[in-house]
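Pasting the structures here.
First chain A sits with chain B, and in the next complex the same chain sits with chain C.
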Partner chain A sequence: MSLAAYTEGFEQFAAGLPAGQRSARREHYERFLKAGFPTPKIEEWHYTDLAPLGERRFSPAAEGGAVPTAALLAGADRLVYVNGKLDQAHSTAAARHGENPLLTDGDSVTALNAAFATGGLSLRLSRNERLPRPLQVLTVGVAGNAPAMVHQRHRIELGENAEATVLFQFLGQGAERLTSHVVEVELAPGARLTLYRVQDEHADATLLTRIDATLRRDSRLETVAVDCGAGLVRHDFNVALAEPGAEVALAGLYQPAPGGHVDNQTRIVHAAPHCRSREQFKGIIDAKAKAIFVGKVIVQPGAQKTDSEQRVANLLLSRKAEVNAKPELEIYADDVKCAHGATVGQLDDKALEYLRSRGIAADAARALLLRAFGAEVLDQLAIPALRDRLAVRMGLAVEDIFEETVGETAE
Partner chain B sequence: MLEVKGLHARVEGKDILKGLDLTVRAGEVHAIMGPNGSGKSTTAHVLAGREGYEVTAGSVLFDGKNLLELEPEKRACEGIFLGFQYPVEIPGVSNLTLLKAALNARRKYRGQPEIEATDFLAWVRDRAKLVKIDPKMLSRGVNEGFSGGEKKRNEILQMLILEPRLMILDETDSGLDIDALKIVADGINALRSPERATILVTHYQRLLDYVQPDYVHVLAGGRMVRSGGPELARELEEKGYGWLEAA
Partner chain C sequence: MATQPQDIQELMRRREYSAGFITSIESETIAPGLSEDVVRMISARKQEPEWLLDFRLKAYRRWLKMEQPKWAHVHYPQIDYQAISYYSQPKSHKDGPKSLDEVDPKLLETYKKLGIPLKEQEMLAGVAMDVVFDSVSVATTFRKKLGEAGVIFCSISEAVREYPELVRKYMGSVVPFGDNFYAALNSAVFTDGSFVFIPKGVRCPMELSTYFRINERNTGQFERTLIVAEEGAYVSYLEGCTAPQRDENQLHAAVVELVALDDAQIKYSTVQNWYPGDEEGRGGIYNFVTKRADCRGRRSKVSWTQVETGSAITWKYPSCILRGDDSVGEFYSVALTHHRQQADTGTKMIHVGKNTRSTIVSKGISAGHGQQSYRGLVRVLESAENARNHTQCDSLLIGDQCGAHTFPYTEVRNPSARLEHEATTSKIAEDQLYYCRARGISEEEAVSMIVNGFCKEVFKELPMEFAVEAGKLLAVSLEGSVG
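Presenting the complex of A and B:
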């Protein structure tokens, strides 16, 4: 692996940094350089090989471009990034933008992110503070002269009993692009964070994200992640339930693009007693696409009364689709409740036939069943305008499908 | 209305129907009876267009149209309704969603506008009373958690809402207690009209006490071996099918 293009890019990037920052950044970069992009030889990357990225050339200094204004949510405050740069004109919450500390240390992807990271959301709420509206962090990738490389760091720190809803949204236009996002989350006792992540990037885009969250006493983190679009996607969720009463609920719906690859890796550490974790992931996999879910739950010694449940269901719509779902439980306490289950199936032929016998066209009947499958996760996204748009985008919007296909039936 | 001539059909490579003839005119109720494996259910399924049934010979005309070349959903839109012997459970798709989709599919097929949401709900509530189904149950998944009797009543409810012209009921009476049987029969009778016709596929005389057929047919070995009036059903009840098969 040459990585020469990255080194070139780094020197260029480092030259533009204040002198005091360069050495720290260089350390991160050296660490990335030493390890290289992860390959399947590393256990956590068994199903996703990033080595081919090493041979590609991405420019860390990409140009800006237009913001798709249709994606701006009414009733939300906004931070808009175009190729990683804050777009002041469309950001109503620009004060929430900031440079964040590069705390998270992890695999080489995180090191790469740390080396190149630009600022992002920097949300700090004090005790009892509540965000009145959801905060939309819209990341737009636009095609420029050269393939862009965008690395961002976000940080969310909620004080005691503070509450916020944050939406990370990824959109992109056609072009090869490498985007990495690291989100650090600290929830003080009693804090509640709802985190949505919606990805509808271009099929040529590669997206690598990582959320590292630490939950204190009685705090709660709820995430809903929806993936379609991007060709190569990897999400890491690392959640530490550090004090009693902390609660996390991760939900995900993924529908990889044709030929696409979506890899979700969750790692929940029950480090204290009386914590609760819930995971519900659903995949709709068609046409040569590949989906991976590896869910690790670690119950540390002393974390008694742990209550953990993991559910994964995948729908394979094509013979060439592939799915790997793997629960990994490590339990070092004896008074715990840990459930897990993974299913892989096809659309129910009998149900399809039944619907058709009632006059519903085959396409609409399929959509009804897909919608029923996806709704369990999609309906948890409590921003109706976005949820409905996604349903249409993913072919799960029942009403619209009736318009089209039943219309055809009426000759 | 329905003209079936010399129908041959096979299921999983096995010949089941071997030259079935049946003529149903508007306003009539026909009962098809017969021993197990005689092809009763196959007849119902072939008419509704279910997959896995291969028609090898014969013709089926519905109002002069060749029914066999229509997809099942188009047959439904043409006015054919199949009441299933084993109604399917569909979690996540509510009864109301199914009903609205089915009703609107039909309306579009006929070039009518979609039904207004308020009219739809009023219509469903009105019909649900006839089969004693609590409308609240209709926001649940299709047949999800319904008892056997509730599933059959739900079939009848769908039929009452969709108002088909040809109702084909495949052993709808099986597994019903007497109260449920009466409700099902009331639903069928409520739809009886000079414009509509009904085919009751049944194993027993019981349902025919509540829904008076105009014609009774006995199917054996994939053909109609005997046709007659309601008295034939009573004769079968007394003597069984043995005397016919021997004949």
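Presenting the complex of A and C:
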């Protein structure tokens, strides 16, 4: 792995930084350089190989581009980034943008992010403060003159009993790109955060996201993540239940487009007693797509009365598709309730037959069952406009299913 | 010894044994250390053919390039492979304790609890025995009966001499010499083990057990077992026994290879109860075993059942390669860790053929400071049409200092596969205990009862007398875990 192109890019980038920041950034970069891009030899990257990125040339993105206005949500406050740059014109909550400290440390990908990171969402709510509307953080990647590289840091800090709903949306259009996002979340006692993460990347793109959350007493984090792009996508989700009563619920639906690769990795640490975690991930894997779910729940010594459940279900629909699942448990306390389950299967033939016998065309019956499968996660998205749009995008919208049926019978 | 070449003589020296509960036993052992010379020497001592020496040397050279695996969820100090002696003369009877009086009373107490007859106790403890010991005659009668059926059951060394073609054909065909670090080490320096061959259409007339093979007593730390079942053959093989075994070896790296041809069935049951070390985790066996079955034939079936209660560290994944269409693989396991024991165990089911099925039932019990991991892989290849797997792994925690972990890998490449994985972790419920106590059952008995119930699904797969003993063994192993 040469990484020379990255070093070149870093020198350029560092030259543009305030002098005080350079040495810290260089440390991060050196760390990345030493470790290089992860390969499948590293257990956490068993199913996703980033080594080929080492041979590619990306430069920190310079130019902006047009914002796909259709993606803008009505009824939400917005922060819009195009190739990592804040788009003032479309951002209604520009005040929420800011430089964030580089707190999260981790593998080489996080180090790369820290070396190049630019600002992002900087949401700080004080005690009892509530966001009146969902906050949409739309990051758009557009084609430029050269393969671009965008690294951003976001931070969400909720004070006691504060409440917010934040949507991270990643849209990619054309061209080779490397994007990484690190989101740090701190929830004070009693805080409530609903976090949505939606990804629709382009086939030539690599998207790496990481969310690190620390939950204090009685706080709650609820997330719904939807993946439907064709790019090489990797999500890391690290949640620390640091104080009693904290609760996390992660839900995910992944349906990579043909050629897509989606790797979801969750890690929930029960560090205190009386915490609760729920995970529900569902995958629809078709046509040359590859999906991975690795979930880890760690119950630390003393974290008694832990209540944890992990469910992953996959529908494997094509001969060229591939699915890998690994729901892990590491338990160091005895008075706990921990369960996990994983399945891989197909649509139920009997259910299909039943629908056919009721006069529903084969394609529609299939779509209907897929819809039912995906709905369990999708319906948890409490922004109807977005939910409906995603259902259409993923071929899971009921209206579409029946329109097609009508069309077929008419022929 | 007079027939030994000079250089081998030089490699030998008198060495004092001090480990375990048996004091000052002397035996003839080669100097610690591993080199090509040692490998050649082992091969020469056993008067092996050229191809086997080749196999050993290839394995040794590969091993030199390998690294000790670190991925397992176990912790132990670095093993110095040059400090181990790789060949030990089969000990003569006079080296053992002269009578049971010389054996650790703690061990005898355990034997008593397990209800093991006196004569057997002597054998287990390695007491020098007279030739008239029951098992010897039992063994000979067995041999005769097996011979009549055409079944070959002998030591691997004997098989190399008597049936070289068979051994050459199958050895290393399931676990290649460079398969993993410990398998490579075993392939280079294995000293003995068992060989079983069931010819076409034969149903082995009795359950085969290493226990009845007198010459099996000191196979040492690098044991190699090869079982071949030809078309339509059936065999049930029992390994180990329920009583703690006297053993002075620290590292055990065995290899077991099973081959099942068309319609053949192999049932392999293990009760492993090596010395687990004391309450503080001093001593004990490192049990690093590679066990794999190749279901080569159509409709072949291999069933692994294991009860693992011993060893300080267990690293073991009995696996099935389901190559033949309609072949079946099963894995039933009870693993118990108490005090400072650590176990990282599970299975791999590789589905290659069409309509292949596998079942995994794993029960882990962790008490004291024990750490227990289930690590399993279910892989469905593109060619495995209609593959099925059901996996269930349950953990039971006793005490708040122990750990139970699950690492199940699922990899699917065929859209007609159906896989299910379920896992639960729990502790013994207060109400269950209370119910038993209210009926006059002591707490210890109640725990043992509940644990036995927890393991029932696996015990029922064991041959009858084994199942009873396994139940008792669990009770003994769990002693002191409550209250």
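Here, the second predicted complex is superposed on the first by the 409 of 411 C-alpha atoms of A that agree within 3 Å, B and C clash if a C-alpha of one lies under 4 Å from a C-alpha of the other, contacts with A are read in each partner's own complex, and residues count from 1 in each chain.
Note that a residue touches a chain if its C-beta (ideal position, glycine included) is under 8 Å from a C-beta of that chain, and two chains touch if they have at least 3 such contacts.
Keep in mind that this is a model prediction, so the values were computed, not measured.
K.L.:
Using the touch definition from the top, say if A:Glu322 reaches chain B (first), chain C (second), both or neither.
P.N.:
second
K.L.:
Applying the touch criterion given at the start, work out whether A:Pro301 contacts chain B, chain C, both or neither, answering first, second, both or neither.
P.N.:
Second partner only.
K.L.:
Between chain B (first) and chain C (second), which does A:Ala372 come into contact with in this model arrangement: first, second, both, or neither?
P.N.:
In the superposition, A:Ala372 contacts chain B only.
K.L.:
Quick check for you: in the superposed arrangement, does A:Glu309 touch first (chain B), second (chain C), both or neither?
P.N.:
In the superposition, A:Glu309 contacts neither chain B nor chain C.
K.L.:
Is A:Asp363 touching anything from chain B or chain C once the two structures are fitted on A? First, second, both or neither.
P.N.:
Neither partner.
K.L.:
Quick one: which bits of chain B touch chain A in the complex? Just the residue numbers, please.
P.N.:
Touch list, chain B to chain A: 48-51, 71-74, 76-77, 82, 84, 87-88, 90-93, 97-98, 101-102, 104-106, 108-111, 141-142, 158, 162.
K.L.:
For chain A, which residues count as touching chain B in their complex?
P.N.:
348-351, 353-362, 364-365, 368-369, 371-373, 375-376, 398, 402, 406-407, 409-410
K.L.:
For the complex, give me every residue of chain C touching chain A.
P.N.:
Listed in rising order, the residues of chain C that touch chain A are 71, 73, 380, 382, 395, 397-427.
K.L.:
Can you check the complex and tell me which residues of chain A touch chain C?
P.N.:
So the residues of chain A in touch with chain C come to 43, 301-302, 304, 314, 316-319, 321-346.
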